[in-house]
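Chains: A, B, C and D, in written order; residue numbering restarts at 1 for each.
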């Protein structure tokens, strides 16, 4: 079993703290509308979803009206607030991917309204389309073919053809194993799920998505370990699993999400991929991040620190509900724009590094999950990850886990990060577990096989 | 000499490896098997539940406790009559049609099961008809439905409607939960109760059972 | 007709830009729970309201449950995020003031749960109670007696007795005239409404509220020109009236809201009083402000600049509705805490002035309403206002209006603030109108009387 | 020689002082009074409305235009028969029970009135019974209710219920609006239409009248 990296990242694209800041990166991306993402300014990225309702033939007109209303009012507000540009994410709901005609219809509405806002207000905007990873609708998941695969690719293809600027996905390869890793706080299983299964699956999946992008005037943007590391964050926030465990899982996700870039992604990486700062350090590509302004979608311990090196700043998602001032997506747009204004004002004065450090200082000492997102920690662990690149994804993932554990331990010991009294015990336990992992992914899989629930998982779907 | 307290402590500590040795000693010393269960194993889980609720125990620790309890049970069960084993009730759980989220559902099942209920897990993406036929087959006391998406929450309503059509609605209590679900939604979909999370779901089930 | 100022502010409490920053002020206020407001840290202030529902005897239990749920979950989140302290505002809905037993019941719930959170988490929290100004329920309003006056004072009294820390109100004296001033963009009528009627009414009203505070262990916090200047902001945001007019109205509100401090208020002034920075400069007392994080309550052009010199940072209000992550008030609490963390992180590093300037830079040039909130403009106009103090409230209000007009004109001319092409015309028009205002308030009132709708307004209620 | 275009322009410019002179000239020149109204004064307001909607005119300017139109009308009205004066319809407006917000309502009235409707303003804090008795008295085509508070929006429902009880519900169209009101709320309170703001309210009224 060999990694099929089209591109390899043997060294950091950004190695110095003085080059690592929000708004700019070595490989900025220019959109059709002329926004240069990573070219200096931080742009807002708005995502939104339907309120509680059924989606079917009978309700699609209503759904279309709701999306039309959301996009027109949000773009109008962006124009009123003189935003220099806006990224819109269309993260589909499962029904929209299952019935690609539904998803395509909404996608077209967004494309049309973005165009209309350009004409009406001179607003620059760009669209990211993120279909659902339908493959887990089969239980156990069927990863490389079958009706869900075909259906999902149909939506990717059609949206690319219709003029979407970016394609993304939150791919789920390995999740069927990782869910169990999370509730058992089992770091080995997490490493197997993301560092072996996830990487194998993303190589296959992203090779396909990149092909679709190449066939149309469309850019492959990136993936998110949302169902892995964000689920860990949510569970930690509820007190279900240790925060230190969730922090390590976050970093374990890095080599997995990096695979998208090895296969040709150019960014901006997905907003909910909090592993983004690592990807930016390693690849030099722009990233989208979300933090306090995404609180309507999920609470987090990383509300400010998440912004330190973002190139796009997102609200994650909000359903169309009426708040006192207006509809929630418009509120989200306004809040994002003010956040971006503040960061960009600092850049205009050459104070972006100082702002970055304040964003980091304000959170990093309060939670290990925030600590591992602080720029200097990110750079140190990223350096460990790329050192392991020649040895493949499993080695990189082990390096990520080890790096995170050592950094958090050192942070706790030196008082740089507060921790629960139980965290050190868990970190030690994780260290010991990682020491038992063999270097060969196949051997590792064989070792773990007895502990896997094989009713939820088909090894051959991963070429194992 | 091993004690029932030690059994409880094994459960609290999640001492999967150690529990059977102690249970064996108690069996050899002719401790009544029902005492080992109720005053040892279950007593341990009764300490665990509030510690979880107050945030002093993590889920993986609770799972180890549950596993420890089960290990102990393996030795004691053959010594008692099937009819001696009581269950607090039978609960059927599923994520509604179109919804694939299962981690919350699985946590819920673990919590409910280790509090003494028998659980039937219907899995995720459970069609309306599947709920109805499963109710007919398993005759649960309570049916729990979860949904994590604004676009699948409405399936709770169609599922309850299907239960009415299938003539089983009044044979069960229906409880609901999930991120987009608010307490008010209970009335809207004609369910009987709402749980915010796994811990409160157990309390809700206890209240529901008391009212049956 | 003479102004009855108990305290006069003849000079600025803060006259140098280097002393004018968020989090600290010359006259900090210490709460029973040990928070020092204006003593260095910016604290969050959370306000919330019921979702769509009737309030009556039959539903009060439900309302009480909702408030209990809001306060417990919000304080829990504040504790989880390690907030150094929290201010809770109970801004009543009209039913709660009309039936003081309702308001008192909810107020007691908040007091109890604040106490419970202190015991459970060690969280410091404090309560501001803001009854409604019921007097406008009579049409025309009855300002100094009658059933609405008695009812309103009953709630003030009972909440003070029960242990509320702060009393506030958004008083409405003069609003019956000001509504018309707004839709006609008539600056003279605005000055009459706030600089004469509002000031006269607030002297009377706040003398009473201060008495209530003195009788109990309670502090008079301050008033807001919400129904005046915030209505102007909302109308300007809809494009109904000129932004420059709304900006001038904001500053016109300053002497009116200052009356609360002349009568003994100590702050923190009301969150929605965007005239707060002026009040802080003049009185040296702490202020609460709201901006981008209050977008669920109302959109605004001052999302960041509003924070420049705040001591408390508020969400204005949010109804109890479910968002994807949880209930909206908890989301509000999280967002406020992250905003405060960032400001406080800057203070910890001695970079608070730099942060203040970025908050200002990011908005001030984009809208005249933002421009008049930038700290240096605030200090300059405030200096003009206090110069007029010996001549009374009308003179101060005219000075405020003139100062604002001149500053905005100069800002537009020098390119410091963008304006609509029609703004300069409106500024000139306002200047000309102000030139016709006599110095004597009585004479001014007589001059304006023919233009007033006397069916909506009773002069004798203002001692005129 | 004065022209009808000049009358229109006066209205657009809000030339309160100048309009009467021009109208007088036209009257003296035997211009048909209905032309002065329709091709002069009303034509002017028809230019104003879209300019307001697109943000090119402010409310105070629209108010001056409306005042200018009224000044012109003062001179022309005596010259025509009452029956020649048409109204687009009769609309009754009020802020619901418990709610004191009137500035939005007043803007609405101004917009509706100057677009050619007859308006009956019930004011703020209008009790359910007051709506019903006013409907009986004035027989409007449309009743508009506004609410700005989450705790008064429910009064729309009780007001409609009172209309049903009073037997007048089917004699009027009911439209609603205000900050906490979403389009979906129309069905919930059994109204007929929703307007987001003053401009769209006029369009809504036009649609409603067309459907009567």
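Operating definition for what follows: a contact is a pair of C-beta atoms (placed from the backbone, for glycine too) under 8 Å apart; a residue touches a chain by one contact, two chains touch by 3 or more.
Since the model is a prediction, treat every value here as computed from it, not as a measurement.
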CA centre of chain A versus CA centre of chain C: separation in Å? 40
Would you mind pulling out the distance in Å between where the CA atoms of chain C average out and where those of chain D do? 34
Mean-CA-position distance for chain C and chain B (Å): 51
Which chain D residues sit where two or more other chains touch them? 150, 180
Touching two or more other chains - residue numbers and ranges from chain C: 49, 319, 324-325
Building nodes from the protein chains and edges from chain pairs that touch, which of line, ring, star, complete or other describes the result? other
Using the contact rule from the top, write out all pairs of chains that touch. A-B, A-C, A-D, B-C, C-D
Can you list the residues on chain C that touch chain D in the complex? 49-55, 93-95, 136-137, 139, 179, 182-186, 231, 235, 238-242, 319, 422
For chain C, which residues are in contact with chain B within the complex? 322, 324-325
Flag every residue of chain B that touches chain A in the complex, lowest number first. 55, 58-60, 63, 98-100, 102-103, 106-107, 110, 123-125, 149-155, 158, 180, 197
Could you please specify the touching residues of chain D with respect to chain A in the complex? 150, 179-182
Contact residues on chain A for chain C in the complex? 49, 77, 80-82, 237, 291-293, 295-299, 301, 303-304, 317-319, 321, 323-326, 328, 330-331, 334-335, 337-339, 341-342, 344-346, 348-349, 351, 354-355, 357-359, 361-363, 366
